[in-house]
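I've put the structures underneath this note.
Two complexes come next, and they have one chain in common, subunit A, joined by subunit B in the first and subunit C in the second.
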Partner chain A sequence: MQELVDLTSKLLQNGDVNVVIGYEEGPRGVRPVVAATPDDCRRLIFDHRAVHNLATYLSPRRKHLRVRGRAAVVLKGCDAAAVATLLRERQLKRDDVVLIGVRCGGVYRTTTAEGALSADNVADRCGGCALREPTLVDHLVGDLPPEPPTAGQRAARIAALEELSPAERFDYWRRSLADCVRCNACRAVCPLCVCERCVADKTDPQWIESSPHLRGNFSWHMARALHLAGRCVDCGECQRACPAGIPLTVINGKVGQVMGARFGFRPTDDPDAPAPIGTFDPDDSQEFIR
Partner chain B sequence: MARIGVFVCHCGENIGRTVDCAQVAEACGSFPGVVHSVDYKYMCSDPGQLQIKEAIKEKGLTGVVVAACSPHMHEKTFRKAAAAAGLNPFLCEMANIREHCSWIHEDRARATAKAIDLTRFIVEKVKRNQPLVPISIPVERRALVIGAGIAGIQAALDIADGGREVILVEKEPSIGGHMSQLSETFPTLDCSQCILTPRMVEAFQHPRIKLMTYSEVESLEGYIGNFAVTIRKKARSVDDELCNGCGDCQSACPVKKIPSEFDAGLGKRTAIYVPFPQAVPNIPVIDRERCTRFKAMRKGKKKEVCGRCLKACGREAIDFAQEDRLITEKVGAIVFATGYQLYSIGEEQPREHLSGYGEYGYGEIPDVIDGMQFERLASASGPTGGRIERPSDGKEPETVVFLQCVGSRDPQKGIDYCSKLCCMYIAKHTMLYRHKVHHGRAVVFYMDVRAGGKGYDEFVRRAVEEDGAEYVRGRVSRLYRAGDKVRVCGFDTLSGEPLEMDADMVVMATAIQPQPGIESLAQKLSVSYDKSGFINEAHPKLKPVETNTAGIYVAGACQAPRDIPDAVAMASAAASKVLGLFSNEELERDPCVAQVDETTCSGCFHCERVCPYGAVEHLEVRDRGGNLIKVIAKVNQGVCQGCGTCQATCPSKSVELLGFTDAQIFAAINSL
Partner chain C sequence: MSEATATRTPPAVDAFEPKIIAFVCNWCTYTGADLAGTSRLQMAPNVRIIRLPCTGRIDPLFIVKAFERGADGVIVSGCHPGDCHYTAGNFHARRRFAVAREIMGFLGIDLDRVTFSWVSASEGGKWSEVVNETTARVRKLGPFNTYRDLVAGS
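Coming up: the complex of A and B.
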C-alpha cells in the first residue's frame, strides 16, 4: 500500500516519530513489524490478513517499545477502539502516539487465509462493523473497500450454548477450561490487560490460584471476562493466541451481547464515551443508585 | 499470636430460643487463636460489658468477637467497652447471630451450627484486624443555607444566633419565599407577613448572616467541614450599595403590565421591580427578559432606548452593564432548603410521568384558580386589597367550590403522595371567604380530611360548624364554562349520587412539588432525591434532617410537603445539627476508608469514575530526580465514606478498605 509507505516514511524522515508499528509479509502470512527507518517502511502492507490488533503495542506494559520513543501505529477501526479505551483509562497520552487509521473491509480469522472474504473465513467482529473508518486517528489512508460479510459461527455457537441446561453448560465450560495451561498468552496479547500487577498474580491473598487446575482456571477466565465487560473491543487476539484452543471469543461475545442489551454498549473509538459499568451516574437507569 | 475472646449473647430469648448459645461458646473456644469463649444472657448490659473488659485485661486479648445482634445496633457499645479496657476499638467486631440467624430460622440444631459458622467467620477476620485511629479533619465553621423561605431563614437565624457565620443564598430578588405570599395562616389565622417580616429583617440585619439574594449555587467542591461553594450572583442591573429603595425607578418604568410572580399572576408589575413592598432587601431588579432597553439590545439596536429608570434614579444606581459574578465561599456545612412549587394543571408538564388536567380545562378557565392565587386574593396586600374578586370580571363570587387533592394522590396523573397541607389551607380558605362574603357558599370536594396536628382538627371542624363550609365527599370529574359560571360535575360518594352545580369561582388545592431544577442542584451537591425530586433524608425516622452526604442537611418542603410549623421545626433541627458539627474545631471520621496501594496501582481511574463521593484524587509519583513515573489514584480520606465500591471495581485489587481488607475477607471466607 504505497500511501501507507509514503506517509510512514515521511513521518520517520521528519522526525515526527521514532518507530512505526505496522504489518509486513512474514513466513506464515502477515505479521507485525516495528519499522525504524524509511527503508523498513517499504515492507509495510495492509490487507485482509492484517488480523493483529497493534494497539497492544501501545499498552504501558510494553516498556521495551515505549523506550524506543514516539511511535506511529497502523490501526483498523476495532484497534482504534482499543486505543480509545487506553486513552479513557489514562494508560496512554494522545500526544505520545501518531495514529494511522486504515479504511477497512474486514479481516480473515487467521493471518494465512486466502481468497475472497466470505462468511466462512471472515472474523467474527467484522459483520456490521461501524468503525470501518476510524475517527480517532491522525491520518486515514486507503479507499473504503466494500462491506465485509457477516460470520455466523460464533453467534450460532452462543445460541447453542444458551439452549443447554445450566448443568450441561457448566459441563461444557469445565471441559473447555480444563485444557487451559495458564500460559497467560491471552493476557499478554490483550491490548486492554494493562494492570501493573494482575489480580491473578496477587499472592496475599491469592484470589486466583495460579497452577493449571480447574478451580483457578475458572476464577481466571471469569475475572478476565468481567474485567473486559464494557471494555473489550472483540479483536479476538486472546483466542488466536491461545495454544489450548479455548473458545475465549465465545465468552467475550456473550459478555458483549449482554453489555449491548443492558447498557447499549458498542465498542467505540471515542475516548470520551463513558465506561458503561464503571461510571457513577445519578441518572443511572437503575433505581438503586439513588 | 492472636488471643481472641468470643462473647456469645442470648439477647434474652431473642437468640437463646433458637440458638444453643452455650454450645456456640464451647465450639468457638476450640477455634485456633481463641483463648476465651463465654455466653451470657445480655452482653450489652453492664455486667455483660464488664465481662468483656475483664477478659481483655486478664487474658490479654488481642481481639474481641461479640456474637449477638446487628453491628448497627451495638457495635459502638462494644467497641467503647473494648476501648475502655485498653484495646483498640477496631479490634472488636460483631458476629450477627440474631438478624442473620435466630430470627430467621426455626431448626435449633441447624441454627446453632450456622451461628458457629458466622462466629468463626468473624474470628478469622478479627485475627487480621489492624488497630485504626479515627481520622481528624479541620472544620470550617461557617454554614451555607440554600433558599431563604421560612425554613432557610429559620435555619440561618438559629445558626447565626449560635455564634457561627451563615451565607444565606436566595435565587429570587427577595427573601421570604412562599410564606410572604400567604394571607393568614392555619390554625390560628394570624397574618403571615406580620409574623414573617420581622424574621426577614432580623436575618437581613444579623451581623453574622451574609445575605445573597438573586443568587444561585453554581458548583460545590469538597466535603464535610471543608466545602468550597461557588455562587452565581446574577446581575441585578441595580447597584445595591447605591440604591436606597425609594421606588422612583418603578414609577418611571413604562412596562407596567407584566404578570406579577408574587401575586401569582393576578397582579401586575413593572420591568424594574421590587417583588413586594416589604421585600428584603428593598432593592429593585431589572427583568432583562422584559425590559425595553434589554429587548432592544438583544435585537442588536445600537441606539440606547428608554432608560427612564436611569433618569429617574437620583442616586445613579441603575447599571445596565452589570454582569453575573461568581463568588467562592468556604463553608463547613450546608442546609438545603429550596422549598416547593405548586403543580400546574396545564397541558405542558415538566416531567414525563406527569399529565395535566384536561377535564379541568388545562388551566384555561379564568375563574378556576389555585390555592396560591386565592391566598393573594384574600391577602390585604394582594392585588384586590383583600376583597374576594374573581379574575374574569372582578365580581364577588357567590358560590366558591374548593377541590382538594388536585394532582396529589392520583397515580394516573403521576403523583402518588399526599400533599399534606391542602386539607388545612382549604379549610382556612373557606373561613377567609365566609368572613369576607357572609352570604356566600363555600363547597369543598374532598377525598379525606387529613388534619393531624395540634389544633388542626378543631380548625377544620370550626370551618364546618361555625363558618358553614359545606364538605362533599367525592371527586370532581369535570369543570367547564357555563355562561359566566363554572359548571362543576362531581359525585357525592356518601349519598352515592352524581352532583352538578354552578360555581362563580373554583379553587384547586394543587399538589406540592419540589422547586424546578432541584435535581440539578441535588446533583451538584451529591445528595440523593426521590422520583418526585424531593430530597432524600438519610433515615426516615432517625436522621430526618441529614442527607446521604455528610455535612449537608435538609429542611422544609424540599424534602416532602411541609407546613410552616414543620418547616420551622426541621430548620431548627438542621441548625442544631450544624451547630453540633461546629462545636469542635476538628472532626473525627470513621477510619474505615479506602487506601490505594501505590506500588500496584496502574492509574486506570476506574475507582474515580465509580466513586459516588468524588473522593478519588490524582497523585503524581516522581523519582528522586523529580521525573514523573506515573499518575495514580489517591483517596481523600476526608471525603471517602467507606462504601467499598472502588475496592470492588479495581481490576488489580490495588484498593483496600481499611477494616475490610482483602486479607480479612479472604481469611473469613476460607474459614467456611
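Coming up: the complex of A and C.
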C-alpha cells in the first residue's frame, strides 16, 4: 500500500513521530512491526491478513514502546475503538500518538489465510461492522473495499449454549476451560487489560486462585469477562493468542450482546461516548432484582 | 409461613440444610434484617450475613468466592434506588450485577441460586420473605458442590 508507505515515511522524516507501528510480511503471514526509519516503512503493508489489534502497543503497560517516543500506529476501525477506550479512560494522551486509519473490508480469522474473504474465513466481528472508516484518526488511507461477509458461527454457538440447561452449560465450559493453563496470553495481548496490578495476581486476599485448575479458571474467565464488559471492542485477540483454543470470543460476544440489549452499547471510536459501566441511568431495568 | 414453622423442628442429622451467604449494605438491608430480628419474625436460619458499606462495594467476585468456598446460595441486597447513603452506589452496582449475573448464567451457574433484592431499613418483613424464599428455592435445588469441587480433593 504505497499511500501508507509514503505517509509514514513523511511522518518519520518530518520528525512528527519517532516510530511507526504497522504490519509487515512475516515468515508466517502478516505480523506487527515497529518501523523507526523511512527505509523501514517500505515494508509496511495492509490486507485481509492484518488481524492484529495494534492498539495494544499503546497500552500504558507497554513501557518499552513508550520510551521510544511519539508513535504513529496503523488502525482498523475496531482497533480505533480500542484507542478510543484508552483515551476515554485516560490511559493515553491524544497528543502522544498519531493515528493512521485504514479503510477496512474485513480481516481473516488468522494471519495466514488466503483467498477471497468468505463466511468461512472472515473474523466473527467483521460482518455488519459500523467502523470500516474510522473517524478517530489523523490520517485515513486506502479506498473503501466492499463490505465483508458475515460469519454466522459465533452467534449460532451463543444461541445454542443459551438453549441448554445451566448444568449442561456448566459441563460445556468445564470441558472447555479444563484446557486453560493460565498462561495469561489473553490478558497480555488485550489492548484494554490496562491494570498495573491485575486482580488475578493478588495473593492476599486471593480472589482468583492462580493454579491452573478448573475452579481458578472459572473465576479468572468470569473476572476477565466482567472487567471488559462495556470496554471490550471484540477484536478477538484474546482468542487468537490462546494456546488452548478456548472460545473466548464466545464469552465476549455474549457480554457484548448483553451490553447492547441492556444499555444500548456498541463499540465506538468516539472517545467522548459514555462507558456503560461507571455510568448509570436511574431508570435502568431491574427485572432481576426483587 | 410454612417454611418458618418447619425450621422449628430440628432437621434430621443428614438432611440437607442450604448454606446461604448474604452480602448486604450497612444502611438499609442490614438495618432491615436487624428490624426483622427485633420484631421476632421467623426466618430460616440458613443465612449468614456479611455486612458491607454499600452494594457498590460488593464485587461480583464475592459471589463467585462464596460458591468457591461451598455456599449453596447467595443473597445480594441493599438500598432501594434513590435511597443510597452514598447517593449512587446502588445505581452503579445494579449495572454491574446485571452483567455479572448474565456472565455467571452463561458459564453455567444456576441463577436460581442467587437472589438480588432491595430491602430498606423499615422492610423487616420483606427481608424475612427474601430469606425464606431463597432458602426454600436453594433447598429444592440441592447442594451446590459442583463449583466447590471443581478442584479435586478440596
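The rule is simple: the second predicted complex is superposed on the first by the 279 of 290 C-alpha atoms of A that agree within 3 Å, B and C clash if a C-alpha of one lies under 4 Å from a C-alpha of the other, contacts with A are read in each partner's own complex, and residues count from 1 in each chain.
Quick note on the criterion: a contact is a pair of C-beta atoms (placed from the backbone, for glycine too) under 8 Å apart; a residue touches a chain by one contact, two chains touch by 3 or more.
These figures come from a predicted structure and were not determined experimentally.
When both complexes are superposed on subunit A, subunit B and subunit C clash. Touch criterion met: A:Ile251 reaches subunit C, while subunit B stays clear of it. Legend: residue contacts after superposition of the two complexes on their common chain; A:Trp207 is shown touching both subunit B and subunit C.
Residue contacts after overlaying the shared chain place A:Val199 against subunit B and subunit C alike.
Of the two partner chains placed around the shared chain by superposition, subunit B is the only one that A:Arg90 touches, whereas subunit C remains out of contact.
In the superposed model, A:Gly278 makes contact with both subunit B and subunit C.
In the superposition on chain A, A:Pro60 makes contact with subunit B only, not with subunit C.
Of the two partners subunit B and subunit C, more subunit A residues are in touch with C.
Overlap of the subunit B and subunit C contact sets on subunit A: residues 199, 207, 278, 280, 282, 289-290.
Residues of subunit B that touch subunit A in their complex: 522-523, 526, 528-530, 536, 599-606, 609-612, 631, 645, 649, 651-654, 662-663, 666-667. In the complex of the two chains, the subunit C residues touching subunit A come out as 59-61, 64-65, 68, 81-82, 88, 91-92, 94-111, 115-118, 130, 146-148, 150-151, 154. The touching residues of subunit A, counted against subunit B in their complex, run 60, 89-91, 194-199, 202, 204-205, 207, 227, 274-275, 278-280, 282, 289-290.
The part of subunit A that touches subunit C in the complex is made up of residues 161-162, 166-174, 199, 207-209, 213-216, 218-219, 221-223, 225-226, 229-230, 251, 254-255, 258-259, 262-263, 276-278, 280, 282, 284-286, 288-290.
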